[in-house]
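Note that subunit A is present in both complexes that follow, paired respectively with subunit B and with subunit C.
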Partner chain A sequence: MKFLRIKAIAKKEIIQIRRDPLSLAMAFMMPVILLFIFGYAITLDVNNLRTVVYDQDRSSLSRELVAEFRESGYFTVVGYADTHKDIDKYLDSGKAQVAVWIPNDFSKNINTGKNAELQVIVDGSDSNTATIALGYITAISELYSQRIMGGRITPLIDPRVRVWYNPELKSRNYIIPGLIAVIMAVIAALLTSLTIAREWERGTMEQLISTPVKTPELIIGKLLPYFFIGFVDVALSVIMAVFVFEVPLRGNIFLLAVLSSIFLFGGLSLGILISIAAKSQLVASQISMVVTFLPAFLLSGFMYAIANMPKPLQVITHIIPARYFVSILKGIFLKGNTFKFLIFETILLTFFGLMVFALANKKFKKRVV
Partner chain B sequence: MRSEDIAVKIESLTKRFGDFVAVDNINLTVKRGEVFGFLGPNGAGKSTTIKMLCGLLLPTSGRGFVGGYDIMKESEEIKKTIGYMSQKFSLYDDLTVEENISFFSGIYRVSNSKKKERMEWVLEMSGLKDRKGAITKTLPGGFKQRLALGCAVLHELPIIFLDEPTSGVDPISRRNFWNLIYDMSKAGTTIFVTTHYMDEADYCDRLALIYRGKIIAEGTPNELRREHMKQNVLEIETDRFVEAMEILQQEGIEAAIFGNLLHAVVADARIDIPRVKRILESSNIRVARIEKIPPSLEDVFVTLIESA
Partner chain C sequence: MFERIKQMIIKEFIQVFRDRRMIAIVFFTPVMQLLVFGYAVTTDVNNISTAIYDLDKSYESRELVRRLGSSGYFNVRYSAESPDEMQELLDRGRITTAIQINRGFSSDLKNNRQTEVQILVDGTDSNTATVAMDYANRIIMKYTKDMGAQRVESMKIDLRTRAWYNPDLRSRNYNVPGVIAIVIMLTCLLLTSMAVVRERELGTMEQLMVTPLKPIEIMLGKTIPFAIIGFFDVFLVTMVGVFWFDIPIKGPIQLMPLTTAIYLLSVLGIGLFISTIARTQQQAMMATFLFFIPAVLLSGFMFPIENMQEIIQYGTYINPLRYFLVIIRGVFLKGSGIDILWPQMLSLLALGTAVITISSLRFKKRLG
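And then the complex of A and B:
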């Protein structure tokens, strides 16, 4: 391998990238735009549940209960029903997701020490929201009953729960680091997916393969400028995560940079491999989108926990590099992981990168057919 | 011939694409330092042959050696000793003249001390000294062609392959281009050049004519004229040359239009000049001039292809 040839190719690529400012702007804007869209769109937090109240009791106790709901911050009362029919209307039309019906004997039962019933109806068509809503409702009513009992009963078990790494349980904190991994998997492959195919399409490859240039020289020369762009993209994403989405970055930035580089190497090499195999820019960019976005989005564990997947799918997730990068980013961002906790992920990412690079070298033929 | 005097040697070389035989069992020898012309109509197998010689295409069968290296096994060694200019313009359109030259000096690892001199040489030979900062896309065809040649031979390689280097270039640029080829040949470079312009055949030291994948004639321009043209060529000047050609062809005389003249191929000029004159005049076509001329290579090739 000769440094002079690698340099010549890298320099040529840089000139070509510079002469195409639109594509260059795209390369830098893409992570920012994607992170904005997905970062704000994907949230698993449930707030402001639209709630309709049917208070038949109309007592101070019932009003106090409604106030508890409202003040929790999870429920917004959007209306009051006067009949059962009204509740149906609110839920059917989607104006309300939760209906709280306080029967007319509610305060009477409490005051006479009987069991007071509270009917709650939740719109289960969004099952995730419904499950979380049910949890809130149970917690609020338990707290409320304990309070009006004046602590007459002490529970047998009193759990003191502390949440580590993400104490406010903000879903954004765990989605954004994973999202960076997904976005970078797509961008890395897209960046390089055009480079080889473009040369075949324009006919410049025929000239290049008639020279003594060696395949690794060609591939490394093409990787280098895009590696730089990819690295800037990662940096932009991290800056956005910290300053726009306020995700805590607890780990070492240097470690983050090194491990991101390893991931980028694999991702960019994958783009080159696709470009070599496809020989057409259109096909190459489409393949890159499909083979990176879908697996990274669905099977990397960035949102959907791998442990909850069926066994065969869990096995498949092991061959998806984004999976390891998701763990690395979540680990460094939220847990402040040091390298020794991320050795396994690093080894597999390195292995993946080298494999794809070797495959690209093998697949490229210095012949016209 | 000593083996070091041979630049290219091909033995029963064949290339098939599925059922189609693009190159059919050809044999060739090109001597070191000569300008070897590989002629034939479009689709005859010229580019396929040149690609096999440059190590860009693997032959189906047969053997071939370029600079002593086997085209089957040592294609990467070959690429170190050859320059190749493909039929389609294949420099980087979006780079400037200077950037293209600089890129190829990097690829050929031209040493820093020689880099500047070679850059000057290419700019000089391509006539682009004043336009070295121009984006290649904006150059006229003739300049692009010369720049491509310059980049292909930047490293002063011993053998160069030029695939239709003058197609789509105006006649003056073509003339200039051939002068460049002569200069390189004088400096000891072997040149293997394909063309479908028959008038360029006379510029070559030796020629091979390929037609439908087969070599149908080989030799120096004069040998070809002598050996393959035992008949005589008559040049006929008439204002109704299209009609005249049709009439002669009906009489079984081979005739073809050259510009606004008519060439007819006959067995013996002495007997046939009066005969042709009689035939045409009996159809009321006035013959302004009719005479025997030395055959051009174009006449030779037309005859060869028609009898192939």
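And then the complex of A and C:
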């Protein structure tokens, strides 16, 4: 292996990248746009639940209950129903997600000391929002009944809950570190998965083969410039996460840089491997979408907790490198993990990178001979 | 004219499927993806990995632990011996919740004194944490009641809650229709945008231009094959959703072909638009992702649109996925028909027409 030849290949690749400024610009835009969407546009916190009220009782007590819902900040009353049919209409059309029905004997029952019935219907099609809404509703009705009964009841067992690492339960803090991992997995594959397929398609690969350059030299030379681009993307994302979105970075930034490099190496090598195996850009783009983007997005634990998946799928997540990088980033950002806690993930990422790199070399040799 | 378009379509099919692997990719991968992601995309919280630090070691404390475990929500995996051990387990991410029962728990309960249970929750995953706290509170409350603690009085209001459309609150029912929409979008978008650019990159576009084909015919020939593929994929993936995942179809299923056609109009239009901007397949692929990822995130697939900021909410009106998701979920889960879904269908049609018009104008200009 000669450094000079690696340098020459890298230089050639850089010239090619520079000729395609649009792709380069998109490579830098991708993390910025995604982080902005997640930072500003999206929140997992549930509030402003569209609510329709069917108040048959029309008493001061029922109005108080409605006010309780409204003032909680979680519910927005979008309309009043006069019949059960109205409720159906509101829910079917999606104009309301929650329907509160106060029967006409509500205040009478309360005043005579009987149990008063309160019916609540939730649109369950979005089960996550529905579960959270049900939690709010239970809490509100409990508070209300305590209030009208006068005085507070102290429960015998007092659950003291403390939340660690993310005390305000900001979904942004949870999402952004994981998002960086997903972006990197996608970018890495996008950057390299077409590079070798393109040379095959255009017929320039034959020219490269006829030079004295050896397989590992070619692959490393191709990786280097993209590694640099990917690293700038990581730096950009981390800077935005910390300074724009104020996600706490509790761990060591140097550790973050080293582990990101290991992950990038694996991701870029995977792209190269796809590129070598596919030989056609169309096939390469479809494969890289299937094996990188969607798994990184859905199976990495970035959004959907792995513990909730069925067992066989949990096993599959172990071969997805983004999974380890997601827990590394969350660990370093939110928990302030030191290397001691991340050894397992690091070893696996390193192993993955080296294996994919070796595979790419092997596959390429077979192709050429 | 029809003869020429037909020839062009045949040529396109030959070209796509000359590489045998493309057959597998185009038809097999959407099904595979739905199978994997149908299982992955669940926001149901259960099996919360839990450690117990029981200092009381009494019948009462064991009973509480047993109830937490048998609720199905908590999976009591570790029993810690010290606060440091709890911390270590949380730091390593082995557990999400740690519950500490202090010494004197049982004697406090017996003597009707107020007692404490400490609950530590890993807040990194804020959704799971919120739900875990809620479950723990409810279980403890129920436990207190059952232990015959007099101080908790029965609630005066009898709350009856029901969840419609998805009574078991299965998140899969909500998400699988969404995954169908997304998988189709990505496949068709990528195929269309790259097909045109490839001809340009390989220089075969010039050959097409010297034939008597008109730009509009080239354009149709480049999109109709992918529309057919897209249609077939929707059919395949819907079958998997219905027969494998048991997603209920409550509404008129005959509405699906029509709405799919309208949806594909916008998707192919966008693919065509990307192909007029991109010069190389690399650019086409990156531009596709640059459009696709925000489109998924801002569609209401995972994140409800009404929780977004107002400006962004307006932005989602130009996202075809947004309308298609409402339609597909309405048809599957709510049993809505055209009488309820017509605004979405009309918007999708308008959007599709606009996109396809702009793209064809640009396409013509690039050819001419």
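Keep in mind that, in the parts below, the second predicted complex is superposed on the first by the 339 of 369 C-alpha atoms of A that agree within 3 Å, B and C clash if a C-alpha of one lies under 4 Å from a C-alpha of the other, contacts with A are read in each partner's own complex, and residues count from 1 in each chain.
Here, a residue touches a chain if its C-beta (ideal position, glycine included) is under 8 Å from a C-beta of that chain, and two chains touch if they have at least 3 such contacts.
None of the values given here were measured: they were computed from a predicted structure.
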Identify which of subunit B and subunit C touches the larger number of residues of subunit A.
-> C
Determine, under the contact definition given at the top, whether A:203 touches first (subunit B), second (subunit C), both, or neither.
-> first
Touching A:211, do we find subunit B (first), subunit C (second), both, or neither?
-> first
Which partner does A:138 contact after superposing on A: first (subunit B), second (subunit C), both, neither?
-> second
Look at A:72 in the shared chain and tell me whether it touches subunit B only, subunit C only, both, or neither; answer first, second, both or neither.
-> neither
Give one of first, second, both or neither to describe whether A:5 is in contact with subunit B, with subunit C, with both, or with none.
-> first
What is the contact status of A:15 with respect to subunit B (first) and subunit C (second): first, second, both, or neither?
-> first
Return the residues of subunit A at which the contacts from subunit B and from subunit C coincide.
-> 20, 202
Interface residues, subunit B side, partner subunit A - complex | 51, 54-58, 75-76, 79-80, 82, 84-86, 88-95, 99, 102-109, 148, 151-152
In their complex, what parts of subunit A are in touch with subunit B?
-> 2, 4-5, 7-9, 11-12, 15-16, 19-20, 202-213, 366-369
Which positions of subunit A touch subunit C when the two form their complex?
-> 20, 22-23, 26-27, 29-30, 33-34, 37-38, 40-48, 50, 91-94, 110, 115-132, 134-135, 137-138, 141-142, 144-145, 148-149, 153-167, 169-171, 173-174, 186, 190, 194, 198, 201-202, 278, 280-283, 285-287, 289-290, 293-295, 298-299, 303-305, 307-310, 313, 316, 327, 330-331, 334-335, 337, 341
In the complex, go through subunit C and note every residue touching subunit A.
-> 16, 19, 21-22, 25-26, 29, 32-33, 36-37, 39-49, 90-93, 96, 109, 112, 114-131, 133-134, 136-137, 140-141, 143-144, 147, 149, 151-153, 155-171, 173-174, 186-187, 190-191, 194-195, 198, 201-202, 278-283, 285-287, 289-290, 293-294, 297-298, 302-304, 306-309, 312, 326, 329-330, 333-334, 336, 340
